[in-house]
Every structure is written in C-alpha cells, then in structure tokens.
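Every chain is named by a letter (A, B and C) in the order it is written, and numbering of its residues begins at 1.
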Amino acid sequence: MAEPLLSVRALAKRFGGVLATDGVSLDLAPGELHALIGPNGAGKTTLLAQLAGSLEPDAGSIVFEGRDIAALAQHRRVAAGIARSYQITSLFARLSVRDNLALAVQARSGSSFVFWRPRSAEAALFEEARSIASKIGLAGREDVRADALSHGEQRALEVGLALATRPRLLLLDEPMAGLGPEETARMIGLIERVRGGTTVLLVEHDMDAVFRLAARISVLVNGRVLASGSPEAIRGNSDVKRAYLGEELAARTTSDPP
Amino acid sequence: MMREPNVKAWLGPLLAAVFAIALPLALRAFGQVFYVSFASQVLIYALAATSLNLVLGYGGMVSFGHAAFVGAGAYVASLLLHAGVDSAWIAWPAAMAVAAAIALATGAISLRTRGVYFIMITLAFAQMLFYLANSIKAWGGDEGLTLARRPALGFGVDLADELSFYYVALAILAAALYALHRLAGSRFGHAVVAMRENETRAEGVGLPVFRTRLACFVIGGAVGGLAGALLACHGKYVSPNVLHWTQSGTLMIMVILGGVGRLWGGVLGAVALLGLERFLADFRIGWLAALVPNYAQHTSLAVGVVLLAAVLFAPRGLAGWRRARDG
Amino acid sequence: MPLNTPGDGSGQVLFTLSWILLVEQALNGLQFGLMLFLLAAGLTLVFGIMDMINLAHGSLYMLGAFFASALVEATGSFVAGVLLAVPATALAGMLLERALLRTLYARDHLSQVLATFALILILNELVRIVWGSDRPLAMPAALSGPVELLPGLYYSSYRLLIIGVGFAVALLLHWLVARTRLGMWVRAGASNREMALAMGVDIGMLFTFVFGLGAALCAVAGALLSPLLAVQVGMGENILIVAFVVIVIGGIGSIRGAFVGALLVGAIDTLGRTLLPIAFSAFLPPQFASAAGPAIASISIYLLMAVVLFFRPQGLFQARGQG
C-alpha cells in the first residue's frame, strides 16, 4: 500500500507467564476500515490498549503518520489523532450526554488550564457537542444522564466520545457488544457514516457487521496475527476456519452469496 | 446546561455573609469578645478544609497529608515573623509559595501512585515534615515557636484587634470560596471532576490527567498554606502538632461532614466540628456529666462517634461521588 | 520523637565511632525491625486479604500494651501478663471485626480511612477513660541487666529477649502461612480473593481469624516494647505510620515483603540516627551537623519509601495477583 497511516511491527506484551501480544505486525491504509477478529482471549483489547497508549508494550514499534509514537502518553496520542472506544462501557456515568461530549470536545480544543472563565459561556464547545450527539443518534437526549441511557444509547455515546476528539484513527472495541438487531443496524450505520475520512480499526465478534463494513480483516489468535487480507480471502482461509470458531465461519462461507 | 443568574442560588451565600459580618459586632455587644477569636479560628479552619475539599472533594484525590501544606504555611509565616519580617504582605504570600512548592514536589511523586498507595504516601510525606520540624531546634523543635505579635497589614488595619483579624480572615475566606466557585465552573474544574468520575475515560478522551491533578493538588496546597499562615498568626504560635497526621484527619472529617465536592463543604464542616467541640467544652450537659464526669476532656470521643456514624449510615456511601468500590 | 532510643537520647552528636557502638546499634535496629514486622505482618494481611485500610491497627498495639500493663499488675508476673494480653487483644480485635469492621470491606478506601480513624479517636478516649492516659510497665527484674555477648560488648538482655521472641514469632508465622492448610487459604486470599472463594473457603471466618491474628501480633509487639517505650494513649499512631511505610515498601499483601521492609526500615532508622550525625559532622561545620544529622535521620525512612516507590510503585514484593 501507499504510505500506511499506522504501521505496527513486532509488537509484544507479556503478563506474567502469558504472552498477550506475540510479535504483532499490522499496516493500516489511510481511510481504511480494518477489522480485527479472533476468539476471546486472543489479545484484541490488549492490542488496542497498546495502540491507544494506555498500555506500554514490551517490544516492537508503533508508527503513526510516519512518527514513532510508542513512547507517547495516551492523552498526547489523542491529540495526535488516535482515539478509542471501550469494550466495557466507560462513560462519565453521572454526567449528562451533553457534558460527556463537552469534555471530549474540551480536551480536543484548547487547554484545560482555564481556571476562571466559566465553560458554560463557550457556545462553540456546546454547539459541537450537540452536533456530535446528533451524529450518533442522541439528538434530543442531551440532558439525560449517561447512566440513565439505554444500553444501545450508551454504546453510541461510547463511540461518540471517541469521535468528539476528531481522530484520524478510530479504535473501536466491540461497539456492538450486547446490542439487539435494531441497535446493531444503527451502529453499523453510524460506523459507515464515520468511515469516510477516518481510518477505523474495528474489533468485533459480530461477523455480519465485520464482513459488511471491513475493507480488510486481520485474525488474531493467541496474540499472533494468523492471517490478514480481504474478507473473501479470510473467508476462504482454512487456518482461520480451523483456529477460530470454525463451524460459524464455515457456515458463513457456504451460505453467503458471493 | 447554560445557567442564567439564579437569585435563589445567591440567597444562601448572601444570608451567610450578612450573618458572618454581623456576628462579631453582636458578640462584642454582648461582651463575648473571646468568641470572636474563636470565630476567626473557625474561619481559618474553614479555609483549610475548603482547600482540602478542592483536592479531595472535587479532585477525588484522597490526600491524607494535607496538614503538610497547612503546617508548612504556618511555619513559613512564623519563621519570617520571628526573623523580623513584619509584613503580612510578605509572610502570607511566602507561606503560599512554599506550600505550593512542597505540594508540587510531593504531588509529582504521590500522583504517580493510585488508591491506597496514594493515601499512604501523602500521609508519609506529611509525617516526614512533622519529624523534620520536631528535630530542627532553630524552628523550636518539639516545643514550637511563640510569636511576639501578629503581622502588620497596613491600611490602618490592626491585626492585633480581634474584630479586625476576623474581618480580614472573613474576606480571605470569601475570596477563596468565590475563586472555588469560578474554578468549579471553568474548564479546569470540569476536567478535574471528570478525572474523579472516570479516570480511564478522562485519559481516553485526551485530558492530561497527571498534569491537571497536579495543578489541582498544588492549588489546594497553596490555599492550605495560606490557612496555615493565618492560623499561626492568629494564635501567635506554631508547633509540629500542626503537621501531625491527625490534623490531616481532622480536616478530612470536616470535609466529609460538611459535604465533599460541594462549595460550602469546608465551611459547614469546620463550623460543625469546631462548633461541636466548643459546645461540649463550654456548655455543661447535666446528664452527660453524671455519666462521665469530665466528659469535656473527651470531645474526640464524640467526634469519633459522629464520624463513624456518618461513615456507616451515610445514604449512598459516604462521599456522594464514590461508588461502593474504588476503581 | 525517636521510637527506639532509651530515655537518654538527644543532643550528643559527636561520638567516637567504635565497632561496639555499631554492633549495638545494629542489634537495636534488628530488634526494632522485628517488632515492626509483627505490626506490619498483621497490617499487610488485613490489607492484602480484605482489601481494607485499617488505621486502628495501631490502636490494637496500644490495647496490647495496656492489657499487658494491667495484667502484669494483676498477676504480679511479667510473663503471665504478657502471655495473657495476647489472647485478650486478639479477642478484642475479633469482636471489633465482627461487630463493626466487616461492614467496611465492601466500602471504598476513603470510607475505610475515615471509619478507622474514627475508631482511633474512640478507642483512645475509651482507654483514657478506663485506664487513664498512661500506665507503667516495668522491665522484668531478671532481664534488666546487660549480657556480655563478646568480650567488651554488653547488650541489654531484655532487648535480646525481644529479638529472640521476634524471630520465634516470625518463624511461627512463616510455618503457619507456608505449611498449614489455614496458611494456604490465607495466601490464596491474599493473592486472589475470588479464587479463594471458589475454593470453598469460609471467607467470613477466615477474615475474622486473620484480623485476630493481626491483633495478636500487635499485642506481642505492644507488650514487649512497653518497658522500652511508654504505655500511653496515642502510642499507636506514630508506629502505625511506620508500619504503613514498611508495607508500602515491602508490597501490600506480602508477608515476605513486610519482613524485608521491616528489617530495612528498622536498620535504616536506627543506624541512621547514629551514623548520620557522625557522617554529617565529618563534612559539615558543627552547628549545621548537629541540626542536619538528626533531622535527616528522622526522615530517612520516608526518603527510603519515596525512593522505593519511585522505582517500584507497587513495592518490592507482590502478593496481589493481577486485578
């Protein structure tokens, strides 16, 4: 590919006796939606955490937009354009949707070392929060406390918080976790809308969504990239079928239209 | 949510201000000038508790070593006065500056730790200062330092006069509360609260958690130092006891009883705790005296019981912002 | 206030350093460290297993001392008094745990800090009401003389007793934790509570036992140290902080860490007070040395803690599993 947006080489992370990330190498092209699939415990979230900067790798390199960011703290990576959403919903539970989003916008736009001027006076900040709320389908729900939202709305806000930082690389950790069919369709729609200018690394278990959204797919098993390629290539890959939930993948292969 | 100027919100503070301004005049009229001095003490502790409230209540940082900053301020002001520097305009800002510097140094180390380690390390740092003050003879050692007189403020204000001192302390407290109010509504204030609510996500959306918390810690320390300076100047005395960790505990109790993370938490807590102790000391309770003859010497028992009850029976866990378990 | 020097302590800075003094101070450091270990072990167990910060741990130490003093007076025998004080304090600890403290296990650390701080206030005042602010506890006459360890080297026989008892209790604790089923449950609870629960351990009884064990250890330390220090209300607070420093250095939940940490702290604190003033007087003019020496010595253990935490924020050893 032309200059990749993100280039990961030989990334490794060990927890006691377990090698959670075992020499992972990965390239993401700009604007690509790349899905990361694999069985539970494969190390997908651990990988995302290392890319986002909340976990320090033991070895390997992470190059983002031509710049080695392995030593960069998480909040600086957000400023550099990398944001993540969380598999287990992690919001500011007691704050309203508006305040949740306002925080992310605040972090992105200017300093938080403003001690005197009331934030409530910053119309632009709240205008942007409102527009993101709209984009994620929570228009009209801005005054609701985050912990009072439905699960689907919370997952949307999860993604919204990451979006609010205007990332160039969006790391989504199982955004569809626990969603019903209607909510899943909405989330897929949201991700499709986002996809355009933003590069997305999507960790997901929902194969329908994965095959619909992804331009390329990587399969992570036991901390290692087993295979990487187009959806068709992955579908046909026998190693993947064997190592992953074989029956489910095999079933898809035979029943899906070409 | 945008807030228009809210008359109701200002009513409480206005009444409090009127009461606070009228109080010493009334006390003097009734010949109870001693209580004006006590009221000043309450104001100073209210300031100290408010400074801890910023760190603990708003910031969610359970610092058990806040006495370090209050004590540092007390010592700096005392040592300067003792050395002949007579002006409060030098002594008090100096106290704040030194306290802030200590907060910066200790905070930079402490804030790298989490949970229990943070509590312990802040506690240990304060104890460190306690032992330091205890062992340095030039600072009075374990007997402390007595000051000849209160500092000079100029502008015709004589701090030796109890009413004047009271009004100066009141003005400072009022300024601090207003500053806290502005701080809470600012970007900084919202960021600090966000970090308290969900540190992981705060970092995740790109807020600089360490730096912001450190700034909060330092501001709290600086204001604590000011309270310490006022304390030393009020009593004209400083000793290592002001640095002891039980002092940190006392401030924490005030914040908890008064309302963590609420603007008036420090004030209410100081009034409640000191008021309770003063009440027990000065007003004889018949039935209690029958049970325990010298109950007035055991006021900490009452404080302990009240605090324990507050912790055990608080509706939603103690500090409203804490869930059942730490992260 | 120095915790480990007998009454004569302050002021003299310029000693002639002799190996006798060094050995004597090293033994003092060992003695202090072993007693610290008794306190720290209970504290780290309660912390590691029940995840509870117990500031009132020092109050148990104080109770042990007061019980010992009262019982020695009642029985007329030092040994009987001390031996009886241990189960008395353990019982008091277990009652406290059952009645009050177990409600705190599920609470956040701030609540625990405040509640146990409240307990300190309450227990201090209750002790003061029952026994007064202080009590005497004299060294047993048989042990008040020195023993000649080596030609020219005399050492207090009482302190030797403390060292002996300290080692014995440490070994007993090690045997209990490493070689018995009960100990296995304790270790399991320290490293992974969910796992211990899954193993079918009666958590409630285990917690009460651990708390009682901690209280017993406190009582041993409190009773033994009393003839050297004083039996007074508030004696628990100062040593409690040092115990916390020990477990922070050693690693929360790790008994081995508590042992190593306690000996380190004991050594640095004791030797520091002796050597630092001498070292300083070699480099600095007398008026600074006499101030700086004791000052730095008094904070040496906190500096140690800061250094350890800087490089290993979780302490030297680790008992807790991940998460």
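What we mean here is this: contacts are C-beta pairs under 8 Å (C-beta built on N, C-alpha and C of every residue); 3 or more make two chains touch, one makes a residue touch a chain.
Worth saying up front: this structure is predicted, and the values here are computed from it rather than measured.
Path length between chain A and chain C in the chain contact graph, taken as the least number of steps between touching chains: 2.
The most distant chain from chain B, with centres taken as the mean of CA atoms, is A. Of all chain pairs in this entry, the one linked by the most C-beta contacts is B-C.
Centres computed as Cα averages put chain A at a distance of 50 Å from chain C.
Centroids of chain A and chain B (each the mean of its C-alpha atoms) stand 44 Å apart.
Note: centroid distance chain B to chain C, computed from Cα atoms, is 31 Å.
The part of chain B that touches chain C in the complex is made up of residues 62, 64, 109, 112-113, 115-117, 119-121, 123-125, 127-128, 131-132, 134-138, 142, 245-246, 249, 252-253, 256, 292, 298, 300-301, 303-305, 307-308, 310-312, 317-319, 322-326. Residues 52, 54, 74-75, 78-79, 83-84, 86, 90-96, 98-99, 102-104, 106-108, 110-120, 126, 143, 161-162, 164-165 of chain A are the ones touching chain B in the complex. Of all residues in chain B, only 1-3, 182-183, 185-191, 194, 197-198, 200-209, 212, 215, 321 touch chain A in the complex they form. By the touch rule above, chain C contacts chain B in their complex via residues 1, 47, 53, 103, 106-111, 113-115, 117-122, 124-126, 128-129, 237, 241, 244-245, 248, 252, 291, 294-295, 297-299, 302-303, 305-306, 309-310, 313-314.
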